[in-house]
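Look for chain A in each of the two complexes below; its partner is chain B in the first and chain C in the second.
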Partner chain A sequence: MKHKRIFTRETILGLIVLAFMAYLSLTTNFASRNGFFSMMLDVSPTIVGAIAMSLVIFTGNIDISAGTILGFVSYTAGELAMSGAPMVLFVPAAIVVGMLIAGLNGWISVTFRVPSIVVTLAMNMVHLGFYATFLRNSGWIENLGDNFTWFGRGMFFNLVPYIFIVSLVVAAIFIFIMRYSKFGKTLYAVGGNRQAAIYAGINPDRTVIKVYLVEGFLLGIAGLLKAMTRSDVLPSSFQGREMTFIAAAVVGGVNIMGGSGKLIGALFGALLVYMLSTAMIYMGFQDYYQFALQGVIILIAVFITVTDFKALKHNLRHAFAAREGK
Partner chain B sequence: METKTEARSDDLVLRIEGIYKSFPGVNALTNMTIDLRPAEVHAVCGENGAGKSTLMKIITGIYKPDRGWMKLNGESLDIDSPIDAYSRGIAIIFQETSLFPDLTVLENIFMGHELKKPLPGTARLISILDYPAMRRKAKEIFDRLGMAVDLEARVADLGVATKQMVEIAKALSFDSRILILDEPTAALTNKEVDTLFETIRKLKAHGVSMLYISHRLDEIFQIADRVTVIRDGEHINTEDVAKVTKDELVSWMVGRVLTNLYPKEEFEIGEVVFEARGIVQAGVLKGIDLELRKGEILGISGLAGAGRTELALALCGFTRLDSGRILLDGKERHFANYRQAMDNGIVYISEDRQKYGLVVPMSISENITLPLLAKISRGMGIIDRAAEREINDSYMERLAIKAPDGGFVVNNLSGGNQQKVSVAKALATLPRILVLDEPTRGVDVGAKSEIHRIISNLAKDGKSIIMISSDLPEILGMSDRVIVMKTGSKMGELMRDALSQERILELAL
Partner chain C sequence: MAKQNVKRKRPLIGMSYQGALLALLVFLIVLFGLLEPVFFHPNVLFNVTAIIGEIGIMALAMTFIITTGGIDLSVGYILQLSAIVFGSVYGSSHSLAQAIAAAMLCATACGFLNGIIISKTKIPPLVTTLATMNLYRGLSMIVAGSQTYSGFPEGFKQISTINLFGIVPIQFTYFLVLFLAFALFYSKGTLGRNLKGIGFNEQVLVFSGINTKRSLLFIYTLCGFMCGLGALIYLGRLSAATTSMGNDLNLQVITAVVLGGTSIMGGIGSVAGTFIGVLIIGVLRKGFTLLNFSGNIFNFTLGVILIIALVAFALLEERKRTSQRRLKG
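What follows is the complex of A and B.
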């Protein structure tokens, strides 16, 4: 067997995350102010959402409406919980809603040959309009009871939130699926070389619809993980979450053009994006700096994953050579 | 009573009879017939556009034939898709196109037909990919090929030759009995070609039959048992390689009737205006010299992969030279990009109009004036519509572009008229030197002779023209002088009175 490289992109990312935690623990009151605990709470939905988004990006697509789909999911769960439904009822219902809405994105994109970025950008707006028009109080639900929040606030040994465990289990399952299932390989194939995928007997259209359904399933979980930590639900508050998912995926090495990347990377990407914004808060920066920082991180990450460094080097060399020659 | 010939035709692994295939305006294949014996290498050769690729695409189910039939081991064969062909034991080795660059060798080999095993403890309900089994099988295949390839390597990191081995391994993972190799040596070095031939011989020894598509005659004599020549979509001849000479093959490949479509006019040819000396681009161009005179049409001939387009791109500043000099009127020039070449009066008209030549969703006039925007816009970058119309109208008239007006969208024009718009766009920059890459590819006969008339007139006006063409009659009919290229080298230069199809092909093959 060939030797395995130790310093892969994923391990380096993991080390950076650890370094951040160590730095914050040593220089600020991160550790003493329940920093780790709130990290586990906040990062759980991001992990699951980043995995959902990564699957879609693997196929060369994207979902700009992921945030507003979370809104529908949490509204469904909240409304049912309000009317007294137990978790075994509102959880599957919310997940099915996620799958239907995300699946619709895939179906429209494939059937009408519209690029997914356009479909999902449009659906993002449709969703927001839908909240305002058709949902009572724009879907705002308050004073949710224990039947809704017990899981989101629950902890093992008063230390590790249930939802963090859920997000790690989901991550583990999907990392396994990407490696050990035909479905996983198919996603890379469609995003990597569509024509070759067809030649290999893969139906790209069906794959895209499938990946959006799976994405919807995961967004269902992500939406629940986020909603169930709170006693109120406001669907429109989820708008913009998709950008965090995309950032996490891209920072984790998922190629925005499709065809390559690892879910373990997306997992660390989610942690890193969280750590960066937390670090800024602890260092006393304002909110809006975080947006700017997130944007810059996306740019750098895309630059690293997409750029053809060989060609870049070649061009730069020639540019310098030409200047010296003149 | 069974006759002997019938018994023998049952021996054939693959038999293709009377295949017809046409595309709008073109008969790609006419009554094509070919067969394949067990464990033989059957070479198929012909000029560019002879129909080799179409034939292969029919065998592998990418195209459906209009008429005709195929038989596999004596049984009627109907193929819907490449995966269908694979599963019936027919595999095609594409030139890299069917690989996934970001996946590993192992993942590539088994993409779409992964080996699986049940996940322990799930009562066979869930099955997962069986990596150990796939690794074993892949290793077995590479052992059979006599190759050691790292199964976990990313395909993008492999060299061209290794990628090809991965393609072959992928084909063998379906237990293919028939392999189709499409110009397999096009991108290989001599040493890699030897390795490939070694592999082909091993496969043959294992009873695999191969269709070997190539226009490199030397290779055919090295590796093939039989050879079939096709020309203009028709089967010309099939013969044992041992019984045929290179000259015979060449004579089968040419023999196309020269119709006098192109009015070659003789004018005064002037002084040298453009010179290239020792043009080198690593691995692509190997020291090309050429000169071009005022009012001259210089033809550049050669087979696909000879480096003709690459030469044009290098001369026009699209790509960088590793070494070599370009002289304009005797003065050395460097073109860092195409804009600089254009500013020096050199324009390039691409063979791929749709991709590089025109912005097809835009109108004719917008396309023609695209390189001139700076000239026709007034302060603040506002385009002078009147100037735009004037330029457009004059060229539409001069080149007889058939469209209601300049506002017509290029996408809706015929191929010939699109090409004229390409030429108009080039002419509007008032060039002295035009580099035309396959100027009549994909245009119909009438438009073709019109484009030739335009080219001829341009030369008469004192413009110098480099015309790259795969169409031999076009080269013969139009050129004052012809340069023949092969694998990045200039093989020879022929003056008009020494031109013949045979001479050109001898140099090109």
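What follows is the complex of A and C.
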């Protein structure tokens, strides 16, 4: 039992990502500086968002309002930066806003025992309505100065964007946390078997609220990474990002029912989802094919995770044996 | 004897909740009437029943689905897709019969796909319909591009522009007839009982030899079919099919059902409650339009109402449970 399998789900996924990269490099101009640069720029917020979503999914919950939370985060950062606040001020403020809004989702879901998907679905609408009703110009901010965009546009050696490094560091930290910390284990425990978790002395309600707070923290980072690359902010443009996060997570092998999956998988999932959509654009499909593609990806990935193939094989073999016996 | 007791008790609790809903409905009508006196005009009041045609029809099927503890997030986009299919088929063939058949077939197929995935695999309904929602949305965009389909014949528009007796919109009669049929199937007969059973404890039904998968497949397909009907009624009223129609109908339908007292956890539900819930949504929509509030404020309010309804229902359940515990000693 001690020997480790080399071909785990994650290594296979990594190989698929590499193969895809090779294929794109051979058939298109993906291997150029521009190709890699735009990949790193686009995939960074998705990586952080997919990790945030995975943490929530580990506990058996979900957050449909993740996309619109990003909108609040970027609006807060943009508004503060517009009024001249330095980065040390608007970054923590935006992250706190993300934590509060995501924490509210978790609190309502836990306290009133309402499924998180319905709460966050309603919140999604509440957020969108909030932008349009209460924010000036629906939260549209333009002409943001260098104090906002310098970090998002900055890069090492004129090639690697800062934000890509940030997303990798965040990913590394959370992979470490999930593997070695007690908090990581409690997430799997609550999602895997709630009753068993209670018997093991874990308070599932507190854990779920905590995980939403952490999710809000990460969404804060993801929103900033996305917003700070541009000189304008439009909160409603973030609507629908949650589907990308969910797709990345489930493609990465995170079990949608909770309790299992790995963050490294979500990282590869984010890369793969980006690569698939890029490939579609290179093949000349309009970008609205993305909706259909994401839906199909999620269905297939979830089907593969949820189905017990061993049992299926067993059943099929028995069915065939029975038929031959007749 | 004991059985009768239980039977007599149930509707009593249901009635009191629905009574509160009715009170809310009357309160809203009076409120909007005071803010905007034209609201009391019979034409306006009957117009409320015209604009709820499509969400009402979808909400009836959604009540069945939510009773089983499931949900269908894709209803708005099934409506959109079948409306687009209607538009494109009519645009190319100019045959009303073909267009209607294609739209209904498409909607039913969408519902069937949801149902087959939910009943045959272990993927939860939430995730299935979240994914198919995006799928149908993408498909309707692929079919339509940026096109808008319009120019439907006058004869078609009549399916939702005629007023019976000069005042009652015809959509309301569709809704009323379907409501009676759904209410009958829900409270009498095996289907409704099975649905509540699935919501309470599916395992028990499976062990008692009931084919729960078939019921699930049936109701999700039925829901698709109802979305198709909704699409036709909607098209008759709007007379143009675009990829933006139906975008926010999901939330309206789910809010109407949850507001009507159907538990999101499954097992408990009320078609009559859904009926009142739909009327409340209609009154809100009409009132907001008259007061010149934007659609965003309406959606915002709906989201808040949905959350409040969920919370209120959870609190009521909690109180019922504690009072029962106290009775037991």
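Note that the second predicted complex is superposed on the first by the 309 of 326 C-alpha atoms of A that agree within 3 Å, B and C clash if a C-alpha of one lies under 4 Å from a C-alpha of the other, contacts with A are read in each partner's own complex, and residues count from 1 in each chain.
Criterion: a residue touches a chain if its C-beta (ideal position, glycine included) is under 8 Å from a C-beta of that chain, and two chains touch if they have at least 3 such contacts.
Because the structure is a prediction, the values reported are computed rather than measured.
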Legend entry - Partners on chain A (chain B, chain C) - clash or fit: clash
Inset, instruction - Check whether A:Ala292 is in contact with chain B, with chain C, with both or with neither, and answer first, second, both or neither. - result: second
Legend entry - Partner, of chain C and chain B, that touches more residues belonging to chain A: C
Inset, instruction - Look at A:Val118 in the shared chain and tell me whether it touches chain B only, chain C only, both, or neither; answer first, second, both or neither. - result: second
Inset, instruction - Give one of first, second, both or neither to describe whether A:Ala85 is in contact with chain B, with chain C, with both, or with none. - result: neither
Inset, instruction - Classify the contacts of A:Ser260 with the two partner chains as first (chain B alone), second (chain C alone), both, or neither. - result: first
Legend entry - First (chain B), second (chain C), both or neither touched by A:Met243: second
Inset, instruction - Would you sort A:Ile16 into first (chain B), second (chain C), both or neither based on which partner it touches? - result: neither
Inset, instruction - Considering only touches as defined above, state whether A:Leu135 meets chain B (first), chain C (second), both or neither. - result: neither
Legend entry - Identified clashing stretch of chain B versus chain C [399-407, 435-443 or 453-461]: 399-407
Inset, instruction - Would you please give the residues of chain A that touch chain B in one complex and also touch chain C in the other complex? - result: none
Inset, instruction - Under the touch definition given earlier, write down the residues of chain C that touch chain A in their complex. - result: 71, 73, 117, 121-124, 126-128, 130-139, 141-142, 145, 248, 250-251, 254-255, 258, 264-265, 294, 296-304, 306-307, 310-311, 314-315
Inset, instruction - Name, in rising order, each residue of chain A that touches chain C in their complex. - result: 62, 64, 108, 112-115, 117-119, 121-126, 128-133, 243, 246, 256-257, 286, 288-296, 298-299, 302-303, 306-308
Legend entry - chain B residues within the chain A interface of the complex: 81-84, 86, 94, 97-103, 107, 111-114, 116, 119, 128-129, 131, 150, 152, 320, 334, 336
Legend entry - Residues of chain A that touch chain B when the two form their complex: 2, 179-182, 185, 188-189, 192-193, 195-202, 255, 259-260, 318, 322, 325-326
